[in-house]
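There's a structure below that I have some questions on.
By written order: A, B, C and D. Residues from 1 in each chain.
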């Protein structure tokens, strides 16, 4: 795990393979909470937090449970096909626990993040980050770094998008295109522009 | 009184026919259409250069793009039952700039797709002129580059001479990356002169830095663009590539080569400066230009695409609302230095 | 033109076609006596005055007919001798109908103001002079109509070191102040000297735009005796804006929401100065003023000395009516004046001009979108962001507009003048200011 | 094979169980009390967030109903059935309320009123009222016709017909937004049971009223003389006595000389005599342009 690897991981996750604009994951919160910059920032914080944590925990499961082969009664049991199931369960439980703890210990943070935390339970970007980590057989630290960078990439895209949508909110959009329609067009153009970063990380 | 007026034959304005509006009651007479017409005039040198270097190909692409853009906008206003807006020439400006961004071998359908994308998707869907967050021509070029990489790289030699080496000056960089000598050769003065005049391969309108510079100076003279944007963009590219060139001579040629090649000039003067999609304050314009410059260099030097100007402009367009938020200007009288000045004066009085 | 002191250049500004040549060489004429005047009761900013005459009373010229309704208020005097008629409603220059006292002239035009002349003002107590100015009903004659005696009574904690006379007359077309400074040079300067004595200042600047060389020459000849420094300023609208003028002459910028006295300055219009002199030296209250009746449709454009209560219709008749079709009748100048729908509007203390414009000269507003060209930002003398703020107002986002200092807008009209999309920016800002003021009042009422 | 299935199912079940227990444990251990009633009430409220109740939206009002004991009938958009359900949730008696509706007290459409000027500016009543004179109509008290109220109405109950705002009582929920937004203060909430109204708000001299409008109330008091119990003077204006409104046939009985006293349904039709464009949608800003 040297500096170069971290750089490749972060630049790759933030710009080149941006989780939203390149992998098209986590579109629901991307469209749902990008109407105002303040809420977008709150959501970004929540996603970065949960994604880092979830990447770490799922990497643990991956390392010590999923990729292990157990020999029971002489039969080799490979659990790798249960990976996605386990990850979903783990992430959902994690988010629930975090939510309950937040509500108890930091009500103000809960109020500002609270609405988004349940959303993240079903955020495929979190599961996506965990799956990508497992696919690439990353270690614990790399997985955590990747989860964090993916979260930052999500936050960057969300912030950019929210600032544009604030402007779109007062633009004279044709009636038929208002709301999600124009947001998707914007996201498409933004995604195309982000393709310019392709090749930065070989 | 009124009888007296009739007697003296004094005419007075008729109440009821008067116009009621807020002040001011006079205007300086400039209009959107006149602004766009001036932009078109400033585009003329680049158009002339493109026709000089690429002859019939340039004429063909210019005519295609301009007419497709106008038809697209007219068709849209017709379909949505709005007042026709082609009279403000903005569609024509988009068409000409888009044409200048296409390679000489671009087929007619590429022009059609680019024009329709620029006008309908990037501009009209967002509500038309003044509402679009992205520059139509830059976004259309990006879309064509991403979607039709093959036709978008149908380079041809200019009708007047030969290529530097490789299909385009920027393609040449990628071809010889790793060799410091080759990079130094690219940055040789006679090579730079060719780039400056435009006697190289590339999109029809972007090759001649000279022609674009003339038009750009015209834009500044008409005060149609914020001079901060091209300045910051070109300066950033100069500094960034300069440092990289000095640090790793085999990676990239010198800064002048970068500034004169590819879409930097046309991007800096005609696309980044699009008033709708650039920041409104002078400081914001500087930041905006700087962002484009940095992104362009990153994509050019390390990215898979040889050219990054259009990508950078579209990404920086997306940053404009944020830049506008950060780079506000204080109103007159915001700094209360006047009060402290008075305190000094008070001492003088006594 | 050389300036006797260092001057500063304010941000932005524009150079509209000034149209002053129509009327600036015509000497001011005194309007003939009318049979009937309708004198608006409220001609000042602040508390409305209370009428003190009844229907049928006989009054002399200059007699008090409405007393001030508070400290920030100014009395109104009869424009001629005669009898008091009804209290009638006349259209106000800002819209709506305002009450006015009708005075039927007896044709004798006899003075009877009850104010004694104070020719020896140099040795008179400052309070007496101040009271005289209040009694004479003098208000700021540049446009705002703020009572002058209030301006001349700064609170004791404010140190005033500069009196600024506003002779810039940056509004296109208007030449009333120009003619006044040329024809009543000494009255202006003497009035300034009286105001300077009241304020105890010895630094008196008269800011005047360079396009009035004859007035500058006339003023320079006499200015020395009265301790006034005449400062020619660049021709740039809005050079005569209070904050801009202070900045141009002293380099001090009045803080947002602040007053000139915060930076040690008091600004007086030259017309008010001449009125101060008349009130003190002659004992004449303010009953008439220089008003420019101009515009391309007007048959004989020029400056007239009109008594308050003269209607626009009568004033236009003096000027020979119109020779072309007028699309707009404006009280004031083309940049900040108010468009009128009726010719029954009366001349008041702040009516610096009556301007008629033809179709082709008038601004035409559209609802085009803002194309963010930034011309308004470059031109705004208050360094605001007119274009983006107008978009906020359009979407009724007044909080955001307030954060962007829309309350600092002085409605000079520069942004709207340069807007290529022809957006009615000033109207947006007026709307925003009205809504924000209403919100503030509501919040205040809730607190109380 | 079977073992693989069993083991994996077992592992997933075990992980699920452990995590479930963990959640249960934390939920119990770190529990924070909230009132489920608030959510229940909020679901019953219409969710239009019109603000007519005086609170910052339906969620705010719901919490006020539960915690501060606010009266649910403060929501004018709520049907009686809904109010009863809310009362069930909160356990308080349901308040009765009279169905109200907004009425625009003006009949001066563009074709029926005199014009004073060509207005060139923002097509919005509140913006127009700032300009000297305020809009193009000569009457200083009448409807400006630029549709601020129609844009403010969250229920689309106000339509601009030929420069006159007309309320459709069947859509109006009496939230009062239009009342506050009208710069001329023309709109009032009155009991929806009243079938007729005096469609005039002018305090001008009667002679001028006639000059400015085809259907002004001249304050001749003919209607008041006909039946004092049904009609009355309010601040210089003739108004229906809304605590005792007359029947629709009262109009026939009075024969108002100008037609200012009119049956609501007929008034709407008169306003529709010259229908122009459909009412502006609740767009964020007025966008139509006016040419010279």
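Rule of thumb we're sticking to: contacts are C-beta pairs under 8 Å (C-beta built on N, C-alpha and C of every residue); 3 or more make two chains touch, one makes a residue touch a chain.
Values in this document were obtained by computation on a predicted structure and should not be read as measured data.
Think of each touching pair as a link: the shortest run of links from chain A to chain D has 1 of them. Here the chain pair with the top count of touching C-beta pairs is B-C. The centroid of the Cα atoms in chain C and the matching centroid in chain D are 43 Å apart. Chain A and chain C have CA centres that are 63 Å apart. Distance between chain centres (mean CA atoms), chain B to chain D: 48 Å.
Annotation for chain B: residues 15-22, 127-128, 131 touch two or more other chains. Of all residues in chain D, those touching 2 or more other chains are 116-117, 120-121, 130-133, 284-285, 287, 292, listed in ascending order. Chain A has residues 170-172 in contact with two or more other chains. Because contacts link each chain to all the remaining chains, their graph is best described as complete. For chain C in complex with chain B, the touching residues are 10-11, 14, 16-17, 159, 161, 172, 243, 247, 251-256, 258, 262-264, 297, 299, 313-314, 316-317, 320-323, 325-330, 332, 334-343, 355-357, 361-365, 368-374, 377, 381-385, 387-388, 404-405, 408, 411, 413-414, 416-422, 424, 426-427, 430. Contact residues of chain C toward chain D in the complex are 92-97, 338-342, 359, 364-368, 394-396, 424, 427-428, 430-431, 434-435. Against chain A, the residues of chain D that register as touching in their complex are 3-4, 7-8, 11-12, 15-16, 19-20, 22-23, 26-27, 30-32, 281, 284-285, 287.
Those residues of chain C that touch chain A in the shared complex are 369, 391-392, 394-395, 397. Contacts from chain D toward chain C in the complex involve residues 116-117, 120-124, 126-127, 130-134, 140, 284-289, 291-292.
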